[in-house]
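Each structure below appears as structure tokens.
Both complexes shown next keep chain A, but they swap its partner, so chain B is in the first and chain C is in the second.
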Partner chain A sequence: MTLADFVNLLINGTVEGLLMALPALALTLVMAIARFPNAATGDYMTVSAYAAVGVQWLIPGSLLLAAVGAIAAGVAVSLLFYLWVFRALRGRPLVASLVASIGVAFFARSILTFSVGQDQLALQVPMMRAWNFSGIRVLPLDLVVAAVSIVAMALLFTLLRLTPVGRQMRAVADNPDLARASGIRANRVLLVLWAVVGALCALGGFLFGAKSVVSPELGWEQLIPAFAAMILGGIGSPAGAVAGAVLLGIAQELSVPLVGPSYKIAVAFAVLLLVLLVRPRGLFGVAIAAR
Partner chain B sequence: MEAYLVAVAVIALIYMLLAIGLNLQYGYTGLVNFGHVAFYAIGAYASALLSLKGWPLAPAFAVAMLLAGLAAYPIGLLSLRLSDDYLAVVTLGFSETVRLVIQQEEWLTRGVQGLPGIPRLFQFLGVGQYADIATLGVLIACNVVAIGLVTHLVRSPYGRLIQAVRDDETAVQALGKDPARVKVQVFMLGAGLAGLAGAFYAHVITYISPDQFLPLVTFYVWIAIIIGGPGRTSGAVIGSLILLVFLEGSRFARDFVPGVSEVQMASVRLALVGLALILFTIYRPQGIMGRQNL
Partner chain C sequence: MRDTPTRRDFLAAGAGVAALAAAPRFAFGQAATTFRVGSLCPISGGGSSYGSGMQKAIEIALAEVNGDGGAGGRKLELFSEDSQTKPEAAVLAAKKLIEVNKVQAILGTWSSGVTLAVMPLTDAANIIEMNTSGAPAISTLDTKDLVWRFQATNDQIGAAFGAAAEKRGFKRAATMAFNNASGIGNTEGFKKVWEKAHGKVVASVVYEPNRPSYRTELQQILGAKPDVVVTGSYLPDSTILLREWYQTGQDVKWIMPGWAANADLVKALGNEVVEGVIAVDAISNEGAASYKRLDAEYQKAMGKSISTNVYAAMTYDMVISLALAMEAAGPGATVAQVNGKIRDVSNPPGTKVFSFAEGKKLLAQKQKVNYEGASSRLDFDKYGDVTPDFGMYVIEKGQIVRKDVITL
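Let's look at the complex of A and B:
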């Protein structure tokens, strides 16, 4: 492997990691505030990616409109399932929401495949040739993907750090009882949370679809890597989720010359196991008892 | 018709073995195993590969159970340090990894092409009914033994201990009992039962491939337990029967609902599985057979 190959893998891994950071952020926010691992995260991505394809089919040509459509669909699906399922399960053991989230994942995906079929679809993306810097190849599309993720994350961090509702979200994450005692309305916080989660998943699904193809398993296949990224970064830490996702993306890419491209999920699983054995609280996580 | 009923009953009993194992893990002990299909797959491939190498079926089945149980050992050990949510993620990841390995390691498993020509059970009885009925008999016996074992286990002092682990682990520790060992043992026992179910499956279907071991299978078993009632042996039995009526029924439903393709029917099946998981966790977490409110 030459240096250029290595750099190419690093670049690919970083872009994939930045993309994976979006669902990982969605997972970690739900974990911190609603307190369960949301297995439907990946399928929110899938639904949004199909929505983007649908918008492009209606109004050909515009990627921006497709992205807006994806976000609208992601937010709608996420809020719908919150209002229908997860709100009803508040206060019940974590396992209840976890099992229900699997149900939500299957339900959302099957409604989708029932209506549009199982075929792979593609988003219309302008074709651009890779720039070649003496062997180091950079795809313009990858730069766009990375830029969009970074902007989305910047917006999220602004929301969390600089707005009243963001402060309330962090307060609920930190100590729900204290938050309630100080007059923070959990209902509003949760509505905002699920809307943000929907938007993050949607953007992830849209970018993923733009980079490869849109298929019914698109999101589900991202679930284990996103979980691994979240745990690597430390549960409940948004910055950790991003760092974890980028590290995992690079690890997955660097493993390709060694074990082949098919074992990416297994690499994510191995990283997950390693983190749980060596440092269960992750890179940036606070030590939570009984984890 | 009789042959069909026997075939359906055989599959129901295989699911029942899976459900009894998962019910021991989740229902009685509270271990959230989202990777049950991994142990099922390990059992199926172990027994299939050994029998294709010319092993007699009895030792092949034993090795299948043993391997599945042993594969659960490291996961069980890890589960001691993890709370429910982590265990769910780890087991789900494990089952996907196992499927990936089966798919990729063609030298051993022939990858996506699958393993054809796995010897049937009771082949010496010929291809006809007798072999099927003998298979049914053995499966019933295995289920009865498994149910007896689990019932005996949960009524014993050990059983009270594992249920106490589910309800309040700290209290168990405070009483000077070791919840860790209990969890690992239960995990291995449940996985062993899944391995046995897998071995039966391989020799009944006679062809196995990685796409028969999707996470969906795990959640079929979860459905059976959640509908039947977690922590009740009768729940696992009734739940797997309901599951099979549903799976088989959805095959016939197509004859009555025109204009729905087979692919769409698969979507409908998945939608109903999802819906059942959602509705039962919201409205009836104790399942059909459960009495107490959880």
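Let's look at the complex of A and C:
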């Protein structure tokens, strides 16, 4: 393997990781603030990707409009299921919301397949040749994927760190009772949370669809990798989710010359196991026992 | 809650019982003069674009047989279920067909997963199973010789890939396989043929489903500088593979199965990307009279040519070969006796016949017949597998153009 090959693998892994970071962030935010693993995360991605295809069908050509459509759909579907299902389950045990979210996932997917069928669709993405720097190939589309992910994450961290509602979200994540006692209205915080989650899933679904194909199982299949990234990074830590996703992505691709593509996913999970053995709370996780 | 039944309850219950008694499918005293056939086509799910046509072709064949007075003194009676292209759903449906309808043959299972799931049931019930699936394991698991495959095996498809690569004069082949029995079966079949003439393939990769990208896998393959990449792939992964390959700008040709390199692939990627992709798929027995007659009937029923659905030609042949076997086995034959005659009436030697009526006439004169199907010559080997012909297509300006017919 030459250096160029190695760098190519590194690039592939980073891009896949940055892509996976979006649903991982959505998962970890819900985990931190609404306090349950949201199994419908993947299907929010799927619905958004279909919305993007729908927008392109109505207005051919524009990728930007398709992205806007995807975000609108993602936010709408996320808020809908919050108001309809998850709000009623607040304060119940985690299992209630978890099971409900699995139901939401199946429900959303069934509605989707019932109305648009099982066949694959594709986003119309302009085909561009890769830039070739003496063997190191960079796909323009991959740069877009990476840039969009990074910008989305920057916006999220700005929201969490620098705005009042972000501070309130972190306060609720840190200690819901204390937050309530200090007059933070949980309802508003949760609405913002679910809107953000919807937007993150939408971007993930849109970029995933642009890179691959849009099919009913698009998001559901990414749920386990996103979970793994969240756990690796430390449950509830946004920075951890990103780091976890990128680390898993890189580990996965770099292992290919050693174990072949069939086992690269297993290697990613072996890395997860190793990290958790040494550091059970994950990379950026807070030790829960201290609370 | 009320605990005394009202008049309305009685009415409802009465109607239910009446409906039950009236339902023809629930006939208790089934006449011994019929041979009961179950169809289990993929009406919904992944195979849904083929399923309805497959079932229609069974009905067309059934009408042909029954219209000619039945086979071996018996009419065929059809019970239809939907496999949903899912092994779990197919198992439930097969159980119902076997236990409730007491069918003596199940016809038309489509994907290998479905066929492999249904086979243990038909085997246990000692009834005939006829499928259109490719997995090589179906041949070896069929220990009672009750399973008949009307589609090419993945091995044969791989051999057809080899023939296509040979015709095009490629020198350095690489393979990429989707990680399942069918995907790997196709590329292994190719390697068997290829390595005899050219030595090892220059690179081969087995990849996982549902990945957002196959760049790393492509890098492994393209790094070996092949002039052709042969895939055992499906539509979604082929779409991603070709898009990413095109963007790398490296010059290489592709040979793909016809169910992956189809009109949907062109639609997803645009004409420029797929230009020159070679597709290989089984084709029907297009020169045969049986094919032409079925085509006319199918056109009438479905409004489309039978060439749009190779599997429908296969299910049609299932009924005809089964009926000819019943005719040859004579009145009152058991399932095993009928099963034992399937090769006799389909394989050479014998007078070639192209319809049930022709065959029935000759069988009555105690002649040996060789049914030439609409789907293939329909000559079963010792595993109960046929060897259809293959078409080699090239995608040109978005059109999938047939260039050659490959006979293995």
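Basically, the second predicted complex is superposed on the first by the 266 of 291 C-alpha atoms of A that agree within 3 Å, B and C clash if a C-alpha of one lies under 4 Å from a C-alpha of the other, contacts with A are read in each partner's own complex, and residues count from 1 in each chain.
Just so it is clear, a residue touches a chain if its C-beta (ideal position, glycine included) is under 8 Å from a C-beta of that chain, and two chains touch if they have at least 3 such contacts.
Keep in mind that this is a model prediction, so the values were computed, not measured.
By the touch criterion stated above, A:Q118 is placed in contact with chain B and with chain C alike.
When the shared chain is aligned, chain B and chain C each come close enough to touch A:G260.
One of chain B and chain C touches more residues of chain A, and that partner is B.
Of the two partner chains, chain B is the only one touched by A:A100; chain C is not. In the superposed model, A:N8 makes contact with chain C only, not with chain B. Legend: residue contacts after superposition of the two complexes on their common chain; A:L19 is shown touching chain C, with no touch to chain B. Look at A:P60: by the touch rule set out above, it reaches neither chain B nor chain C.
Comparing which residues of chain A touch chain B with which touch chain C, the overlap comprises 118, 260, 262, 265. Across the complex, chain B is touched by residues 31, 36-37, 39, 84-85, 88-89, 92-100, 102-111, 113-114, 117-118, 223-224, 227-228, 231, 260, 262-263, 265-266, 268-269, 272-273, 276-277, 280, 290-291 of chain A.
On the chain A side of its complex with chain C, the touching residues are 5, 8-9, 12, 15-16, 19, 118-122, 125, 127-130, 132, 137, 139, 141, 208, 211-213, 215, 217, 221-222, 253, 256-257, 260-262, 264-265. Residue ranges of chain C in contact with chain A, taken from their complex: 45-46, 48, 179, 205-208, 210-213, 215-217, 219-220, 223, 235-236, 239-240, 243-244, 246-249, 264, 267-270, 272-273.
Touching chain A in their complex are the following residues of chain B: 30, 32, 34, 78, 81-86, 88-90, 92-94, 96-97, 100-101, 103-104, 216, 219, 222, 226, 263-264, 266-271, 273-278, 281-282, 285.
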